[in-house]
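To keep things simple, chains are lettered A, B, C and D as they appear, and every chain counts its residues starting from 1.
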Amino acid sequence: MNDPKPLALVAGAGAGLGQSLLTRFQSAGMEPVGLGRTRPEGTVGTFHQVDLSDPDSVSPIIAKLIAIHGPPKIVVHNTAELVIAPFTGTTLEDYQRTWASMVQSLVVLGQSVLQPMVRGGGGTFIVSGATASLRGGARFSAFASAKFALRGLTQSLAREYQPYGIHVAHVILDGIIDTPRSRELHSLDPSKMMKPDAIAEAYWQLAQQPASTWTHELDLRPATEGF
Amino acid sequence: MNDPKPLALVAGAGAGLGQSLLTRFQSAGMEPVGLGRTRPEGTVGTFHQVDLSDPDSVSPIIAKLIAIHGPPKIVVHNTAELVIAPFTGTTLEDYQRTWASMVQSLVVLGQSVLQPMVRGGGGTFIVSGATASLRGGARFSAFASAKFALRGLTQSLAREYQPYGIHVAHVILDGIIDTPRSRELHSLDPSKMMKPDAIAEAYWQLAQQPASTWTHELDLRPATEGF
Amino acid sequence: MNDPKPLALVAGAGAGLGQSLLTRFQSAGMEPVGLGRTRPEGTVGTFHQVDLSDPDSVSPIIAKLIAIHGPPKIVVHNTAELVIAPFTGTTLEDYQRTWASMVQSLVVLGQSVLQPMVRGGGGTFIVSGATASLRGGARFSAFASAKFALRGLTQSLAREYQPYGIHVAHVILDGIIDTPRSRELHSLDPSKMMKPDAIAEAYWQLAQQPASTWTHELDLRPATEGF
Amino acid sequence: MNDPKPLALVAGAGAGLGQSLLTRFQSAGMEPVGLGRTRPEGTVGTFHQVDLSDPDSVSPIIAKLIAIHGPPKIVVHNTAELVIAPFTGTTLEDYQRTWASMVQSLVVLGQSVLQPMVRGGGGTFIVSGATASLRGGARFSAFASAKFALRGLTQSLAREYQPYGIHVAHVILDGIIDTPRSRELHSLDPSKMMKPDAIAEAYWQLAQQPASTWTHELDLRPATEGF
């Protein structure tokens, strides 16, 4: 009997980066499983539609996946909930939703996978950040506060779990990802957008780093992007 | 008839820094008003016991204060909810409570005072940060994620409100504040703790900065503190 | 016989901020002494014309000042050598001159005053930074590399001398200082420039901080300045 | 006739990381050329013994290499000059040597290769940083000031050359590199040191990033290293 393929989980596996990550992990011989609010068309591997901020929904799904495949070797947290509005036009509900979908979902995910990954001998845990992880711009108060929170939380996870063999990394995505939706939303020339497959490759390389040289944080941006 | 004294609001006016701030503002001829969960003994000025994360409680109190005193000239956000625990021992409720008491309370406070302050001709809005605003340490995942969030949110407020005459500042308190409670909790020699009156003086100086030289962020730490 | 007035040294005491600092220190009852390449008209207190990067010129002057007045209680390093040019148009001599006038001069100054200040019971040592201390912009390679160097060096001095009672601070001046020269050079409305007297006041407040609450770094910028 | 192999230049090609870089580039089919003060035993590819801070020595060598091989596709700046000493025990000569060997050498290298690389259609230019690029520790004043300078300079180069197709990256090496020399100097268990081949692989991956996703800065540290 063959060993099961190693499990690769992507939380926030929407069209775009989420699907590119699953594709990249599949092509490396892993078992790709996506989790998210909305099942994208033509999803790669298995997809579980779930509210990622809800532990009662997420935990049993992940427990079952671990029972079948063993603990994941790669986990990516990639949810995003963008709010752009003046401070007075941003409601408490906007802040709560943004926080729950980005920060609470990371807590739920981490608490479901990290201890099993430690027992399973280690792995890689990657969190997607943004320009707003480092800079709170005008009209970005909800998004920036959640992305800052995510960065602090990810640092805590790195300092707590790296000694136990889990490589925890935070990626600053400083640009617009080229997806059908962002082509609609932004007037930007697509040649100046970040290609999801190229981002996925960078995440994959992080997961290949040996324990002697782990990256905790890196930025990714198009050559054309000012910074 | 005399003009009313200018209003100085401290949200999170507990024993220690909160009371030192009210004392400092009172000694400068301002009307000191504290808001917080628990009324400290011998509170300076007026105190309103209130859940700062609850807009339905906070807004009417502040509206009434503004009706009496005019918009505040100084507002300080100084709530803290410290959780120190391993990631697996930190509950979702810990994250939610920490976030609500620090981040949601800042949103509620800002939405209650900032527009009136703009209409009132400007003022100073100061947010208390901590070591964990810049570094997510092991066992600090809840606290650090909330303090990071606060920093991002405060940057957004600065970029949105400074053009309208509100000086928004973020203070990194990098040390232990000398209060009766911290003397109980920590074995640290009190001579190595930050004196609340000295911190209050630094906040007061921020509020005195003319518009040509506003500080957005500064750190404060004891001479004896490593960093 | 009266005690001598406490000595306040400003290295880089040109027209503008340098003179405002000397004025502020004099008005507080200190003995103001300026050092610099060019004696500004109407200099406040005593001025010594000297190449600040040359230890053989600087050390004897400072030794003599200390012999007369005792070790300084406040020292400010405020030299600047601005080069704005494309990388290929910036000569090695530009890099060397920029480094010598900003970084080497700080080494020379620190080595002349810090040990005497420790023996004299402490004091304050402040270094002027700039926007380019935190961001290396295009066309600023010489200036930014020197300002970054200054920031790293100042951090080392803080960590080495704060345990011995010297408060070491780094100020990020994020804007254009209002001087006759900058009015000529920049088309900026002077109301959007930083007033030298206001900056000097902020430096003075740093020197007043008690040992329980020392600031290592703060930024100063006009209310109108984006960041 | 075959096209010449693409040129890969390593400035600071000592035993350890320098040689691992040359080996990695050679194994990818590139022409590896090392430059440095001291020829290491068994050097990979060609080695030119040269004072990297001296433009009159470096420029003709690089001009000749470009004449033969065309402009380099990968250039790494990897010089280091470590000084650890109290501020008063660090001489001006220490500061000057440290600055010349790390910062001036980067200027000389950049001015020799960047314009040819632009004309040659682009490439990758990587600078080695250190823990001291981000933190000026006590006893590290010379080293930290030079490493800070290098970081600012590298940012300027990125902002100036990325629009012209040169990917400029800065790598924070936050740990001790496993070399015969560091095994002698440090009592650290070699399993806690960074393996030069692993670092070289990370540099190689940077050079493979497509223009849609360039990293400007990343850190590398052993899993066992606190941060």
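To be clear about the criterion, a contact is a pair of C-beta atoms (placed from the backbone, for glycine too) under 8 Å apart; a residue touches a chain by one contact, two chains touch by 3 or more.
Everything quoted here is computed from the prediction, not taken from an experiment.
**Student:** By the contact definition above, name the pair with the higher C-beta contact count: C-D or A-D.
**Tutor:** If we tally the contacting C-beta pairs, C-D comes out ahead.
**Student:** Tell me whether chain B and chain C, two copies of the same sequence, contact each other through the same residue numbers or different ones, using over half shared as the line for same.
**Tutor:** Over half of the interface numbering overlaps between copies: same.
**Student:** Hey, how far is the Cα centre of chain A from the one of chain D, in Å?
**Tutor:** Taking the mean C-alpha position of each chain, the two centres sit 32 Å apart.
**Student:** Find every residue in chain C that makes contact with two or more other chains and list them.
**Tutor:** 158-159
**Student:** Chain adjacency by touch: line, ring, star, complete or other shape?
**Tutor:** It is a ring, because the chains touch in a row that closes back on itself.
**Student:** Can you name the residues of chain B that touch chain A in the complex?
**Tutor:** 55, 86-88, 90, 92, 95-96, 99, 103-104, 107-108, 110-111, 114-115, 132, 135-141, 144-161
**Student:** Which bits of chain B are touching chain C when the two form their complex?
**Tutor:** 159, 162-163, 165, 167, 178, 193-195, 198-199, 201-202, 205, 209-224, 226-227
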